[in-house]
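Both of the next two complexes hold chain A, though its partner changes from chain B to chain C.
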Partner chain A sequence: MVSVASDSLLSDELLHHLMAVGHVDVLVGVPTLNNASTIRSVVKAVHQSFARYFPRDRTVLINSDGGSDDGTPNMVRQHGSTDDTDTVTVSHSLRTVHRISTPYHGVPGKGNALRQIMTAAELTQARAVAILNADVTGITAEGIAALVRPVRDQQYDYVAPVYQRHPLDGPLVTQLIRPLMRAAYGWQVREPVAPEFGCSSRFITHCLEQDVWDTELGRVGIDLWVTGEALARGFRSCQAGLTPHPPGPPRASFGELFEQVVRSSFDCLERHAPYWLERNGSEPMAVVSPPPPTPVEPPTVAGSRLTEAFARDIENLRSVLEYILSAETLSTLERVASRQGAHLRFPDELWVSTVYEFLLAYRSGVMRRDHVVQALAPLYLGRTGSFLRQYSGAPEEVVEEALESLCRDFERSKPDLIERWNKSLR
Partner chain B sequence: MSLPMPVPTTARQPLWYKDAVIYQLHVKTFADSNGDGIGDFRGLSSKLNYLADLGVTCLWLLPMYPSPFRDDGYDIADYYSIHPSYGTLDDFREFLEAAHTRRLQVVTELVLNHTSDQHTWFKEARMSRNNPRRDWYVWSDTDDKYRGVRIIFIDTERSNWAWAPESKAYYWHRFFSHQPDLNYDNPAVREEMWNVMRFWLGLGVDGFRVDAVPYLIEREGTSCENLPETHDVVKFLRANLAEHFPDRMLLADANQPPELVRPYFSEGDEFHMAFHFPLMTRMFMAVRLEDRKPLVEVIERTPEIPETCQWGIFLRNHDELTLEMVSDVERAYMIDEYARDPASRIYLGIRRRLAPLLDGDRRRIELMNGLLMSMPGSPIIYYGDEIGMGDNIYLGDRNGVRTPMQWNGGWNAGFSTADPERLAQPQISNHQFCYQARKGESQTRADHSLLNWMRRLISVRQSTAVFSRGTTTFLMPANHRVLAYLRSLGREQVLCVYNLSNSAQAVELDLQSLAGAVPIEMFGRSLFPRIGELPYMLTLEPYAFFWFRLRRL
Partner chain C sequence: MAQMIANAIRQAGTNFVDSLAVFLPRMVTTLAIIIVGWLIAMLLRTLVRGLLGWLRINVAAERFGVAALLRTADLPPADALIGATVFWLVWIGFLISGIDVLGFESLQGLLESFWAFVPRLLLAVIILIIGLVVANFAWRATLLAAVNARVPSPRLLSGAVRWLILILAGAMALEQIAVARSVVLTAFAIAFGALSLAVAIAFGIGGGGIAKRILEHQFPEQQRSSADEISHL
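This part shows the complex of A and B:
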């Protein structure tokens, strides 16, 4: 097979750098776009990781930048080396540590940055690769090692992160993406939307051969696609614990973020349908290193505000929802929305039916896809608000059990989804 | 003691040791003239033409004194004569004269720190607490003193103290328990050691390799290494040397990081030379890592030394490849890469010769010797390494790297006419490194043998003083597998470029400051393209290297 590691993706300057780097054992890639406030801590963690955990390995840090105008690339280039970083006086890389910052070309977006990093990884025959999120400050040397080691030492192809966080935190993941992906792909992955992950050269070669890169999914949903691709194509996968990352300033509104993530998950499911239509139930995915225990605080979002928005918007969206949802689901939703205040409860079964029917509508093209996804947003807020109100103040294990129950409900209803999916094909 | 008659010597050039190429050998295993299976000075004298032809300029002899040989002669029982197996003092005088005639300087061992427990001084000292020699050694009623001081031979010794039952006291020993440390707080000991030096210098010896320097003095609450009072002892000996024998040389054996060795040069009033141990380790590390970083780091970490001083640099010697002074990570790496067979490990090091360490790979042997001959310092070649001799890690202690020199394909490889079972050490019989495969005389005849390549290498090095006295400036091309540096002395400049890797490499060197110069490759004297403003492109085969003399033509 002809490799798709097309040289045209790489500038002459980058190619020049890669020639000097040669083959590597560990490559860490950091896509950036205006990350001046956080990039120093990320680069420092990378160097500490190389020195402490991979002192014998051939290592390189590649920063693929989307055109930052805040000096991010210079900060990567000028960051002190391993040996002059005050916190790394005991550990020491035996080898030269290479550090490259390069712009990527084409449409801005993480997909192109990741594609460039993966191409560089393929050319340098990197044994293990870790992709990091430059938006956060909490990445540590240990976290990077946790992503790399399973690939380097245990022949895993894909390593998803596991964060120590409160079960009420990250509802877009816990209420929607995690249970949906788990039910579909049949693997219990805690963080399917992973801006950080580890992977093998085998997996990278596979990814570069796919036709996703020039699509909308490749542009904005590459994190989810990578997870889905690893699961759907049978790459040996595991999870590794990372410390929680304090997020940087938000880069998109809730609406934009919701649309990107949900569209990406629906697009992934559409691409991987031949795989997941054949699967039932789910299997736990190995956690090779649990997240370091860290005290976590519950989020401070007021559930009541979300449910109020839900009750208000469902009225306005009725004409749209009629195209998307079955009459039964819609009427149940309306009944739920009509209950005011503390009485509003959005049950698991209803949420499962809602999500699955949105997925089917998205796929069948009853209307523009972005309209479908936008219409799901208020329902998601209603569900989240209901959950937050119900479990606010509850012990963490109780909340975890509720989330697990939701995942099982998604799995239980999957045969019905498959049947309707297959029918819609005919 | 009256001084012996000196042997005639060629005039020593000032700072001759700075330009020396030193050859380290063991009389015991070099050449046997009387067929008793043990090498001797007459045998060594008969091989001086070989050494002169090799191009070395100085011989460093391992201990040649009477000794019970429990530490290969580093346990001296008499400082004023020659071990009977090696011949007589007259034999030594004849050897010295023959060496000097061939413009070969001779450096012998001076074991300052300790004697054998069979030395008369110690035999007397241990007998009673009132013996006049008692205070020549370090005694204690308990073994509590200097607690925490590291034990050097961790495989064999449990304590730095040993019990002397005759006088019911403990004596201090940093090395083996049969090697009691001399007490340099006693001025009589210092005076006696100067007498020893004066004896051999009077004979015409050109210098001393001074063994185990950091350990001369003990003080409570310290590591008992590198103490200020140790420097006082060295200064005392050096001052006497400067007064009576100003053209002779002292070489320090101090296995320490360069910043801790630096004080032994002081202001040029202690040692003339000192071994650079970490550079040796880093050369091996760099080649295995295929990365210049370890080498650049260690040279950049090496402090400046006085103009009259010089580093002694080497690849291998009679001891293990020491890993005492490297980090745990570095030591583990070196062990994994160079000593997979546990039998090759001893103390904190690796008991192997150069060729077996490099799997007998001629390209890497040449590369390492190329590095050795161009790095700042006076290079030291360990006997037999110039023909790629092997070792036998199963001989115990470090005897496996001290086997008889392989001269030819004859009886005992030409080393001795004795029955093989009488040899001081057995010959190497390993198929790859046995004397049938590696022997001096046939390599002399073969144009492309390692021996002839080494001769050429030494001759090219000695063609200019830039290698021995020049400054070193690293170039840092993007390709880390390529090591490049500029040696400069006055108007003379030599560019050295090494491919440390097992694959062909391209490198672009920023030589803008040398624009206009023409590189002339020093081995083949080939002209290379003139250096311009653009990066200078070179390609190198695996483990290849270039030395370019830069000329303005």
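This part shows the complex of A and C:
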């Protein structure tokens, strides 16, 4: 069944291309915007993956470009003619490997690109789809196969990636998004904000029917929404290991990134509230292929650099925080900030109540929502700095255990969150 | 002579009784208007408060920071304040209507003046409310942006923004109700000019570091903050 949206989302040129391709087994989508420095390695990995792991399948690579002015779409189109000898090193695909690069129309953002790719996947009746991140160079043919195979061979509907990385890396995920999503949705997903994932045609049809695409969440938080949607709507999900990703140059400042990610997670929780309000505890999510064992380095930043302004920030933001936090949480925060000074220790329980109270304030609209999220940023930096300093130099297992303990604290406090959430509905 | 005096007294008595006959019904009418007006004003206040409660005006006032300012000024919550304003406007209207019925020449035209004043007063109140909302929004936005950008003295900066907007709104409201128009305008021009000059001088003398940090924030590739040193995702 082809969505009605395909008429307006797919240009005539793209439709012609897709008709020439016909039905496909494996579709790999790569949303891009000025990725000239990294796109070659991504396309190369896709070709290697098609040739090595899906030689008998009908495959297509679709690049949905948001208007790059650095020649990214040309690199995708020309890759085969110039690099094929490098690309297909082990075996050759027995079928034609189709490669389509197309601009998408409408509001810039990954949401529109993903929507176009999903619409194309629905039109070509792709059995398995993998969405890749064009910002990184570390993606491998094995990684792409790891995202596709559980869908193609094991009837999973959604495959989230698991990266091999140091537990102190990615603190916005480990300190905030992972424990929050795990406690809410009741599934232990390691990378809920990952830009890569695999999915089935059933899941794609479901996603295209949702009304998220024209919202702010659809524009900037689509990765999180896809994860949340798979968990909340009961799609069969699993995790697959990918190689470590050397992070590309940051596309946004910390402030922009923080606001986008936290707003998206809060918006997701609001949309999926009917599901998660009924759930308690959490279940592990199957890891169908563990990430390849590769040594990883801890981040080099000193935690004290992040906490040095914490006490001052709390003092400066008091008049805003008193609208968001309960008197008890605020006074505990102030006590922590004043007593510890440069040796700040931000306890897990305090961090959990802080995050939950921010979520409740975001939902009840005590002030503009972007202001609520902006007020959380200095607190997150304080918490992250405190955690980094406490565990820098500690063995990875110890850090993992601390992160697991934080997740359990989030789960333990969830009944209180549910009670206050329901109370604010009345 | 006695007859003349008696006639005069009789005439005066007749006049008094005639005047009383004219005045008493007016007096009763006036009292009735005032009492009915009071009842109507009370009813309207209750209705307005009920409607505002249903519209959750106090929540909106909290959200836009107006409630905090009302508390600081020792004023009642937004719904009670608007209800009281409606009450007094309606009752004063009835009061003046009632006094007008008495027919005192010196008070003639008071009612017209009052009703001519009400729209300007309402406009002034609306300007003040908008000013309060904008001032609080700008204050919070400035405070959060300044804290997150590590600008020194964020509270001073955001407070200055808030008071500038409040002073501007206050001056516009007073100008609207024509209270000492020239004095208000002159005072405002002097105060605003002095404040701007003071800010400019203070920034010029002591704000070199702030300007440097703002520029550094604008060009992050040259100087990244500690928050940008790690990969958060």
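We adopt the following convention: the second predicted complex is superposed on the first by the 412 of 426 C-alpha atoms of A that agree within 3 Å, B and C clash if a C-alpha of one lies under 4 Å from a C-alpha of the other, contacts with A are read in each partner's own complex, and residues count from 1 in each chain.
The rule we apply is simple: a residue touches a chain if its C-beta (ideal position, glycine included) is under 8 Å from a C-beta of that chain, and two chains touch if they have at least 3 such contacts.
Model, not experiment: these values are computed from the prediction.
In the superposition on chain A, A:55 makes contact with chain B only, not with chain C.
Of the two partner chains placed around the shared chain by superposition, chain C is the only one that A:193 touches, whereas chain B remains out of contact.
Contact with neither chain B nor chain C is seen for A:398 once the two complexes are overlaid on the shared chain.
Touched residues of chain A were counted for both chain B and chain C, and C has more of them.
In the superposition on chain A, A:365 contacts chain C only, with no contact to chain B. Of the two partner chains, neither chain B nor chain C is touched by A:286.
By the document's definition of touching, of the two partners only chain B reaches A:20; chain C does not. Taken in their complex, chain A has these residues touching chain B: 16-17, 19-20, 22, 55-56, 58, 91-96, 98. Listed in rising order, the residues of chain C touching chain A in the complex are 59, 62-65, 68, 137, 140-141, 143-145, 147-150, 154-155, 220, 225-233.
Chain A makes touch with chain C in their complex at residues 169-173, 193, 247, 250, 253-255, 257-258, 261, 299, 301, 305-306, 308-309, 313, 316-317, 319-320, 323, 365-368, 371, 374-375, 377-378, 381. The part of chain B that touches chain A in the complex is made up of residues 285, 289, 291-294, 327, 329-330, 333, 477-481, 501, 506.
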